[in-house]
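So, here's a batch of structures to check.
Shared chain: subunit A. Partners: subunit B in the first complex, subunit C in the second.
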Partner chain A sequence: MILSYLARRLFLLGFVFVALTVFVFSLNYLFPGDLVSNLTGLRDISPQTQQQLQQLLALDQSLWQQYIAYNRRLLAGDWGLSFASQQPVLSEIMQVLPATLELAAYALCLSLFAGIPLGLLAAVKKDSLLERCISGIALIGYSMPVFWLALICIMLFSLQLGWLPTSGRLGVLFEVPTQTGFIFVDILLADHISRSAAAYSALLHLAMPTVILAAYPTNVMIRFVRTSMLEVLEQNYIKTARAKGLSRSQVLYRHGLRNALLPVTRQVGLQFSTLITLAMLTEVIFSWPGIGQWLINSIYQRNYPAIQAGLLVVSSLVICVNMLTEILHTLFNPLARKH
Partner chain B sequence: MQLLDIRNLTLELETPDGIVRAVDRVNLTLREGEIRGLVGESGSGKSLIAKAIMGVLHQRWRISADRFSWCGEDLLRLPYQRQREIISRDIAMIYQEPSRSMDPTAPIGEQLAESIPDHRLEGVSWWQKGFFRRKRAINLLHKVGIRDHQAVLHSYPYQLSEGVCQKISIAMAIAKDPKLLIADEPTTALESTTQAQLFRLLASFNQLKGTSILLISHELETVAKNTDTVSVLYCGQLVEAGETAELLKNPRHPYTDALIRSVPEFQPDLGFKQQLYALHGSIPTLQHLPIGCRLGPRCPNARRECVKTPQLERQQNHFYSCHFPIHRGGTNE
Partner chain C sequence: MNFSYCRLGSLSLVLWLTGCQPVTVSNSSQGLVYCAEGSPESFNPQLVTSGTTIDAISQHLYDRLLDIDPDSGDLLPALAQQWQVSPDGLTYRFKLRPNVSFHQTDYFTPGRYFNAEDVVFTFNRMLLVEHPFFQTATEYPYFDSIEWRHRVKSITALSADEVEFRLNQPDSSFLSVLATDFAAILSGEYGAQLVAKQQKPLLDTQPIGTGPFKFRQYQKDVLIRYYRHDGYWRQHGDLQQLVIDIVPDNTKRLAKLLTRECDIAPIPRLAELQMFSKRPDFKVEQQTSMNVAFWAFNTQKAPFDRVEVRQALALAINKLTILQAVYFGQAEEANSVLPPNSWAYRKQSLSQSFDPAKAKELLRQAGYPDGFSIDIWAMPVQRLYNPNAQKMAELIQADLRAIGVKARVVSYEWNTFRRKLRQGEHDSVLIGWSADNADPDNFLRPLLSCAAAVSGSNRANWCDEHFDQFIAGAVQTTDTTQRRSYYLAAQQYLQQQMPLVPIAHSKRFQVKNSSVQGVTINPYGGISLVHAGKTP
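Then we have the complex of A and B:
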């Protein structure tokens, strides 16, 4: 039964990817400029090369054939060149994507580790001062725009107090060659530097963007977990468990927690797209060399091949994470396997 | 011995339109080994009384009673912790919708095992506790008539039928050998054959272990068949209480009378296509309860005095609260 469910999900995933590639492929026609240069990223193409490229891109054939050829190139890793740098787009993405993944993952972890306990606390201590404080802070955090918060924090912690750096991933003193793109792994792999000092510097650089990026999802999580737990606590089976003679903490731990947290797995997937959007804003503000900043720069430069590729990568990421949390939710939740 | 003795239990709820008194000065007593029925229409406060006894009423409700004693201890005057201790040790409850009273995401075995109290496993070393719990859980399933314990223990509530779920909730209830078992409309969700099984099961526990049972139902027939004594509620007021046979034969309150006459099985000389007796009107909503005797506006015998709540009158073991009780056949007075 699980296998058939997985098969269904993967089938759906395939469809979504087809739709996504159709959309991205159609952008080549919709973007202004020459079709051949949109597809390849080459500029100032001579008539001879134009001829060859048209053959290569299957432009002399039907749209259908062109789409298939496009997909074939995508799979082969030939994603075209960037207008701005004339470098392969894919390798550029591979350089900037880890930075974003790192930032988003830490922020997501932070929002889970802070949001879930606070939400549970708010639900369990209902109508107390603590609950009001948590809900109040959550509401403020929820309604605060991330760019404003980021600028205020930079003003306070970087410019006034001087505790944290304003931008970048690492202090300029450290020469860390990019190998994996994940800063801590790179520091570990790098030679001839003081690793602990570099890691400390990386941590300082990471602190503010992570916290600011985590602010919104944390508050969503607090509110979601709180409502979910309150709803569960109203259920009959909680009363039954109380009547069985279990203590309050036993009831919460055995019956409350699991039922309240199961919907959270799904919520993580839903929050991920918001998180990526916010990560783009955060990256721009903190000059974080991630895919968000790269994509926004590409948009300013009208770098069409890069926009396409960025779109494809970010969307695939969001879709995959969504699908993954959906599948995890089904695996963990016996109720979701009902049908 | 008097197990449960409740005097003037009142349950009130504060609403924007003022205080609603859903249960109004109800008396309820239960002896050891007694099966008492609690009959009333939906909304008459039966389930509320049961929840009040279990101590699982929502916090919004205000409970007050002149006496709320369990085995001689007044529960309402005990500290909360002690109250919970006594209730969870001695009283168990079966709910109307068994599948909703079980954790949907936990397998049955786990839920059944946790309802076995720790003192039942005394003297068992800790590494064997799990094993003994499991053994006892299987034993409990056999007791309530589930043979296929292997499959049931690993199932989730949604995978089982309501009948099986109800049996399991009985198994959970009897896991701690309660002195009192409250069955809140245990058969509403079940088929009639399963219903019969269930009542047999309850009766056997009553006879073998001396468990007292409070059977809550809106069906007079089932209560008549399965109980020793019965209390009749109308809109949160106790209208009549007494031994089941006597009460059915000689109802003193017009409401009880109407209730009995509305059941075809109790009317052997009912003609073909003859209309059943029923009171006029319908039960009032909680926001619009009449003062005094709440049956007042619907009562065929109502007079001016009925705007005052009648006192509970006693005639041997027969209690009724009516200013103008019915005298049938002139046997009494």
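Then we have the complex of A and C:
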């Protein structure tokens, strides 16, 4: 039963990837400029190399063959060169992606740890002042544009109060070589620096972007958990549990919370794409060296190979996370498996 | 009950906020952060002219044979302890400083001290086609502009600590050339090692010099990291690390100053200087720089080939308004191409000031009673000598309307702009020049000589044999009084001919955290942090 479900999901995943690669492949034709340049990232190609590349890229064959060759190169890790730096785009992405994942992961955790309890509280204390406070804050946070919030926070916490730095991941005086790309791991691996001071500096740099990035998903989470919990509390099995004589807390945690959180797993997946989009904005504002800033710079530079690769990586990431949460949701929820 | 949650929440929020003490982000007093406005183009000063690159590399990594005293403009001994000029002015002999060590880094360990071979290696690179590194660069912009290959005949090492330069003709500006930031001394031993390893391009990207800091790390558009060079031959400050943080955005650079993420930042926006000068924890430093902003006419094009027309246009513009609106009063009005602190400066008569009526009269005499149209090219970038060319162009446009000349402001992306300028496609252009050394020759030759008209740095495309005779005569004598008289004549001639209108000499500004000391701004080049230190 579960296996056939997984098989169906994987089939769908494969189909989505085919559609995605077809789209990205077609971008080579849609972008202005020379096709060979767009595909390889090479500039000022001499006639001889042009000839060789045409062979290599299967340009003398049918579109279908070209697409196959394109996928083969993707799988082999040959994603072309960046127009701007003439470095392989894949290695550039590998350098910037961890920074984004780090930021997004912390923001997601924060939104879960803050959003779920607050949402539950709002549901349990329905119609109280507390509930109104939480809902009010959630509504304001939900409607506030992230870039505006970021600028206000920089004004307040960096420029006025001087507590937090305005940009970057780490104080520049700490020399931490990039090994994994995850800042705390790199600090742990670095030599000749005061690790605690560096970690403290990294924490300070992380604080504002994380909180700001978490603002929107947290508020979505609050509202979602609250609604879901309220729905569950209306269910007959809750009334039954109460009638059985279970205590309020037992009813809430054992019967209410579990069922209310089921849709939340799915919501995490759905929020992830919004989170990545917002992360791009946050990265630009805080000069965070992640894939969002890299992609936006690539767009400014008309760096087509980089735009393609960035698109492919970010979309794949979002698709995979979505699929994963979907599968988790189904595994935890017997009702969903029936469909 | 419900209230208490709210109260508790707000209380903990307040506690959390007040619990944090203000932190200094760059908490190490051993390191200094300089926020630069752009990435360097290379790590070898021989290959560049941009002020940003020179600020980021030259004074930190390298030494020169001679230095310039920032205050007096006099030449000081540096890697050369003494020098002698032969009576005919053709031979220069330098006695070199002993026991000067090169940087020791991951990629190079020096096997010997600095000696005459290094000097020969450095300066022959631009001179001899057979030099192993001659071909690794496409051009040597500064040395090409001063016609290095024309001026210098040979460079020989007489002994380990003595070097001789032979010139083709007497050249009294020669010592000043050796004192510019571009004349940095490289390591011949490192060069030989790179040749052996077949990694020649590394000479310009992984630098080895004798300067107070050594190269450690460079990430394009992010940062440059230098470490202290412990064996430096001069006394220097106690900085262990110098980081050049690359922040192209003006606002972000200022924000970083305020949050102490930067210790020093150059070229603050003039409008924001006021705010910094009021705060006790920051210090605004200024220095009248050796630069000039000017409006050059393309003298190859009609009607700008007519002296009357150029004179009329010069009289039509009101420089004082420009000084107020563009420089916020932080610049001096320019009367000559040379700034007033140059020894060859000539105070011009007042007849040249703002006079629209006379300008109209001159235009009528030249045969343009109804005026004409003109394109004013305004450079698209902010430079020390001209913080806002666009605004300046608009002011000039308004002034010209008063004498019946219709002006159109034109701008292109910077690289395109320079390319089109070199091709002489402009009518007139607002641009400027920053001097590399204290010698007046450094203004007049690259800006207005016939050679410069060919190489493209003469924005007026002006080639005049009288003028060339003046500046050639001036460098063929070493007698200062005589040189001065040549330069005075040249300036007077320029005022008559008016191939370009000098507009302003701006001051150079930078803002630094008050805890930083010992920073010198050099009017002729890059910032020097040799003696810089930080009080914790």
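Rule of thumb we're sticking to: the second predicted complex is superposed on the first by the 338 of 339 C-alpha atoms of A that agree within 3 Å, B and C clash if a C-alpha of one lies under 4 Å from a C-alpha of the other, contacts with A are read in each partner's own complex, and residues count from 1 in each chain.
We take it that contacts are C-beta pairs under 8 Å (C-beta built on N, C-alpha and C of every residue); 3 or more make two chains touch, one makes a residue touch a chain.
The shown structure was predicted, so the numbers you read here are calculated from the model rather than taken from an experiment.
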- Item | Combined model on subunit A where subunit B meets subunit C, clash or fit | fit
- Query: Once the shared chain is lined up, is A:129 touching subunit B (first), subunit C (second), both, or neither of them?
  - Reply: second
- Item | In the superposition, subunit B vs subunit C on subunit A residues touched | C
- Message: With both complexes superposed on chain A, which partner does A:72 reach: first (subunit B), second (subunit C), both or neither?
- Response: neither
- Query: In the superposed arrangement, does A:165 touch subunit B (first), subunit C (second), both or neither?
  - Reply: second
- Message: On the A-aligned overlay, A:43 touches which partner chain: subunit B = first, subunit C = second, or both, or neither?
- Response: neither
- Message: Once both structures sit on chain A, report the angle subunit B, subunit A, subunit C from C-alpha centres, rounded to the nearest 10 degrees.
- Response: 150
- Task: Using the touch definition from the top, say if A:197 reaches subunit B (first), subunit C (second), both or neither.
- Result: second
- Check the residue A:235 against both partner chains and state whether it touches subunit B (first), subunit C (second), both, or neither. first
- Task: For A:246, select first, second, both or neither according to whether it touches subunit B, subunit C, the two together, or no partner.
- Result: first
- Check whether A:258 is in contact with subunit B, with subunit C, with both or with neither, and answer first, second, both or neither. first
- Note on the structure: Smallest inter-chain Cα gap (subunit B/subunit C, superposed on A) in whole Å equals 18
- State which residues of subunit A lie in both footprints, the one left by subunit B and the one left by subunit C. none
- Query: Of all residues in subunit A, which touch subunit C in the complex?
  - Reply: 85, 121, 125, 128-130, 133, 154, 158-159, 161-168, 171-173, 175, 197, 201, 204, 287, 289
- In the complex, subunit A residues that touch subunit B: 235-237, 239-246, 250, 254-255, 258-259, 262, 333-335, 338
- Message: With touch defined as at the start, can you tell me which subunit C residues reach subunit A in the complex?
- Response: 2-3, 5-6, 20, 22-23, 25-28, 31, 33, 216-217, 220, 222-223, 225, 241, 243, 245, 247, 252, 255-256, 258-261
- What residues of subunit B sit close enough to touch subunit A in their complex? 51, 54, 56, 84, 87-89, 91-93, 95, 97, 100-107, 114-115, 117, 156, 158, 169, 172, 176
